[in-house]
Amino acid sequence: MELTVYLAGQIHDDWRNDVKSKAKEQDLPLHFVGPQENHERSDNIGEVIMGEQPDNIYRDDAASSVNNFRTQVLLQKSDAVIALFGENYKQWNTAMDASAAIQLGKPLILVRPKSLVHPLKELSNQANVTVETIDQALAVLNYIYE
Amino acid sequence: MELTVYLAGQIHDDWRNDVKSKAKEQDLPLHFVGPQENHERSDNIGEVIMGEQPDNIYRDDAASSVNNFRTQVLLQKSDAVIALFGENYKQWNTAMDASAAIQLGKPLILVRPKSLVHPLKELSNQANVTVETIDQALAVLNYIYE
Amino acid sequence: MELTVYLAGQIHDDWRNDVKSKAKEQDLPLHFVGPQENHERSDNIGEVIMGEQPDNIYRDDAASSVNNFRTQVLLQKSDAVIALFGENYKQWNTAMDASAAIQLGKPLILVRPKSLVHPLKELSNQANVTVETIDQALAVLNYIYE
Amino acid sequence: MELTVYLAGQIHDDWRNDVKSKAKEQDLPLHFVGPQENHERSDNIGEVIMGEQPDNIYRDDAASSVNNFRTQVLLQKSDAVIALFGENYKQWNTAMDASAAIQLGKPLILVRPKSLVHPLKELSNQANVTVETIDQALAVLNYIYE
Amino acid sequence: MELTVYLAGQIHDDWRNDVKSKAKEQDLPLHFVGPQENHERSDNIGEVIMGEQPDNIYRDDAASSVNNFRTQVLLQKSDAVIALFGENYKQWNTAMDASAAIQLGKPLILVRPKSLVHPLKELSNQANVTVETIDQALAVLNYIYE
Amino acid sequence: MELTVYLAGQIHDDWRNDVKSKAKEQDLPLHFVGPQENHERSDNIGEVIMGEQPDNIYRDDAASSVNNFRTQVLLQKSDAVIALFGENYKQWNTAMDASAAIQLGKPLILVRPKSLVHPLKELSNQANVTVETIDQALAVLNYIYE
Amino acid sequence: MELTVYLAGQIHDDWRNDVKSKAKEQDLPLHFVGPQENHERSDNIGEVIMGEQPDNIYRDDAASSVNNFRTQVLLQKSDAVIALFGENYKQWNTAMDASAAIQLGKPLILVRPKSLVHPLKELSNQANVTVETIDQALAVLNYIYE
Amino acid sequence: MELTVYLAGQIHDDWRNDVKSKAKEQDLPLHFVGPQENHERSDNIGEVIMGEQPDNIYRDDAASSVNNFRTQVLLQKSDAVIALFGENYKQWNTAMDASAAIQLGKPLILVRPKSLVHPLKELSNQANVTVETIDQALAVLNYIYE
């Protein structure tokens, strides 16, 4: 049984490649999807498609509409969601996607360092599973196939 | 027509009283609900009810379950939601509640300072209305009654 | 049994007052809601609340977000919807609200002149009832109480 | 990941072929569906199947039931919707399909010329993305695969 | 706790008055709603509101749209449904309303004579409770208040 | 695009084979499912699986539970439903399945002879399309592929 | 804000009166509903209404249909659910009602002694809050009103 | 038509292998999924992935979150559910999964010995089919393919 997993989280480093290569090493039949990972591209995409905007607020508004379109298409195709939080960046997108996953009935694995237990406690309580590392998240997915 | 409005956001200052007193001044038939606003009480409530926990992680887990129960009851009773973001605190709860409101079809007003346009752009794009002040949020609610 | 009815349609003349006064004459226990009927106010409301926008496109975008917020709150409170089409104006809002009513399971009465049968045939086919006058729409509502 | 996209809009010219051939040129794994594009066939289909009707109103009613059946089957099979508006024709079907897509949670790209910004502002505000050309709409779809 | 109960079934005799008067005798806080009970009125209502139709088929189509509008409004307001079948008439409306109630999650009491056990066995199997008399149906409703 | 179509209706003659062979002749990529067509088997299946029952009422109850299980599995797998009514038999199962299809959002084609227009008028009004013959129903399905 | 709370659990002792009197002492604006608490009545109700059944299996089947009707009506009217487990009895009804509450989005408080932690761990993990005593459950409800 | 069937029930013996081998013998195109069947692994999985927990209560809480994640993923992928009850063990998980299946619209076969008729009567009344043996459950699945 192949499963599609949405990888919600920041796009400032390549943690998703880490997930993908570890899943491959373990021969898990998982297909991963997620947001645009090129940060500049993600911020520019509105102006790239719709042309120059009056100022940064409108530039952000244009980009966000394209990013949300992509997320909605891919989240609806997913069987499960991993949401990763780290100590940097606001990551409100991550919280938004994680909460959307819960409301849409998509099983959710939350990954966060111990230092973020307190501010994430309500979201963690609603997630199916909360772990601290990507390896643990993959172990949870692996458990489906045992 | 009376409406119930859930006020999502941080509980470190008394911005909700500001909303409530301004709504009262304008004679708006609004009933406001929201999370526990006493911050210490919100953090303690798990141990207050369930007794001492092994450490802070379990203390947070216990508190969050009671806080989430309260939120789910009150959010389901609401006709609309205001989610307020400021420059301090992680506010992942706020993003979680705002996203849940969107998925549940509860009309959402997002309030955030101009400085937070960029990190909140995807959430703002999904909200019904985004404004910068509480006065503007009340003006949106007022407009329903014109 | 009191019912709330949303009145979707253009806001260039006062057809809603016609509906309301006729319902009152017939002593029907109906409560009517609908969009902002002051056309200028409806177009301005974005800039009134959020301040001046870069150009007319952004002015329209700001206004529409407040108008949609109002519609979503009131449509969800309604037990039935009347959507009126006439020979003037684009009226895409009316088609949008009528279709939303159908998808949300809100019983829908479509009112349109005979001249518009052809372009409205698919929407008419999805509506519960299609009539040509406001008096007929009220007769349908009256029938609930017989 | 193959995606099915419903193309809502008028059937008086062959804009859908334009979409399809451009998607093919870009090797996008998209499958397009939509309404009957032969306008006369679309208007006649009721009488073709059910026989002659008493007058044009009933002829339209018969045709619309078959057209709506087709649309409902294909819209439910779709992962995303493009709704195109132009300066001619009433296009209430397009508004109806676009609004149905929104309510059914199908991600929506609205395509409309600048001249139609004002009358489409509320629908545009609810769409995921609004652009002015078919090329831009395809660029949005393309972005999913980056 | 007051409850609203929809009474689905034929409209050729006054069985609904029997239900209502027995509920009154037992002081049950029930509010009953249902279809138009004047059979001629129910058949005529399309032409009464929309004017003369080309033939009986169109007359029936017009009447059914108004009857379905009434049913949808009132069924959605109900907390439970009683569907009564007897030995006369086609009663496909009753089967349609009973099945709609099941799909909408409205608890359903089916009333039918022993002679109809076989043709109603699949519907009976989906209903919450199946009984043979109105008195038994009221006993089921009464049980809620014990 | 292959579609699965549920064939609701009586099981006393082999009308489903007629549908299937005509679809094959026209090379339509349709997959048909439906209830058990061996009438005796359908009535016996409860006792065949669960053993002898106390009397015919319980025999019917046992059979109906297995038949409903089959219908629920197959209806949920279907993209559209054809419901055929004829002049014989009670056919309350057919009305029940047709109404379930409507509530589940499955596009519905109703097939009935002219003689049944009146008793089926409310169900016909809720169906997507109503026709009089199997050939017409197939023409409606064929239209999806034009 | 008054809330209705369904009390799921065994009906062999009067624990519900304990809940009700404690809520009254604390002046909580709660309205409690639940199953028939007279155990013999609950077991007999099928035969009382539908007459003698062939044997105990059919007697149980008749009773369960009336009990389930009552539960469905009252659970749908509730804003929250308390499910209490103790060391005696099978209590599969309690698990069934608790799971139904979760799936219906009704916030759930689970009450169980420490001795039952292990067999209830998956249900507890899905509940909003798990506590050990009725006093704790009331403290959770009380917290909504702080 | 291949179907996926979730096998809910205790994990203390290998009844699932019995189901699978009998389905294979009968050449049924069924794919079976279910919980982790290694009991010790199921109880340990929380600590295996998340590390040692403060005590058995927290150990159980950790394990249950991983088990629930697996169940939610697989139950959502299923077309039907078999829930087996026996005379040993609490089996509240089984009741929870069976009730979730009902609420999610997954057709449900309940398997239980005659000795458990009384305590399972309400759950049995909500299931599609109730039988006493695995052979009977497979006969019900087999009937779909006749």
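For clarity, chains are labelled A, B, C, D, E, F, G and H in written order, and residue numbers in each chain start from 1.
Simple rule for what comes next: a contact is a pair of C-beta atoms (placed from the backbone, for glycine too) under 8 Å apart; a residue touches a chain by one contact, two chains touch by 3 or more.
In this text the structure is predicted, and so the values were computed from the model without any measurement.
**Student:** Using the touch rule from the top, work out which pair, F-G or B-G, shares more C-beta pairs.
**Tutor:** Per the contact counts, B-G leads.
**Student:** Are the interface residues of chain A and chain B largely the same numbers on each copy, more than half shared, or largely different?
**Tutor:** Chain A and chain B contact each other through largely matching residue numbers.
**Student:** Could you please state the distance in Å, as a whole number, between where the Cα atoms of chain C are centred and where those of chain G are centred?
**Tutor:** Here chain C and chain G have centroids separated by 43 Å.
**Student:** Find the geometric centre of each of chain B and chain C from their Cα atoms only, then give the gap between the two centres in Å, rounded to an integer.
**Tutor:** Taking the average C-alpha coordinate of chain B and of chain C, the gap between them is 31 Å.
**Student:** Quick check: how many Å separate the C-alpha centres of chain C and chain F?
**Tutor:** 38
**Student:** Listing for chain E: what residues touch at least two other chains?
**Tutor:** In chain E, residues 65, 68 touch at least two other chains, as defined above.
**Student:** Going by the touch definition at the top, which pairs of chains touch each other?
**Tutor:** Contacting pairs: A-B, A-C, A-D, A-H, B-C, B-G, B-H, C-D, C-E, D-E, D-F, E-F, E-G, F-G, F-H, G-H.
**Student:** Okay, in this complex, where on chain E does chain C touch?
**Tutor:** 31, 33, 36, 38, 41, 45, 48-50, 65-66, 68-70, 72-74, 76-77
**Student:** Which part of chain G faces chain B closely enough to touch in the complex?
**Tutor:** 1, 3, 79-80, 105, 107, 109, 128-132, 136, 139-140, 143-144, 146
**Student:** Okay, in this complex, where on chain F does chain G touch?
**Tutor:** Counting only chain F, the residues touching chain G are 54-55, 58.
**Student:** What residues on chain F touch chain E, complex-wise?
**Tutor:** 56-57, 60-61, 63-65, 67-68, 71, 85, 89-93, 95-100, 102-104, 114, 116-126
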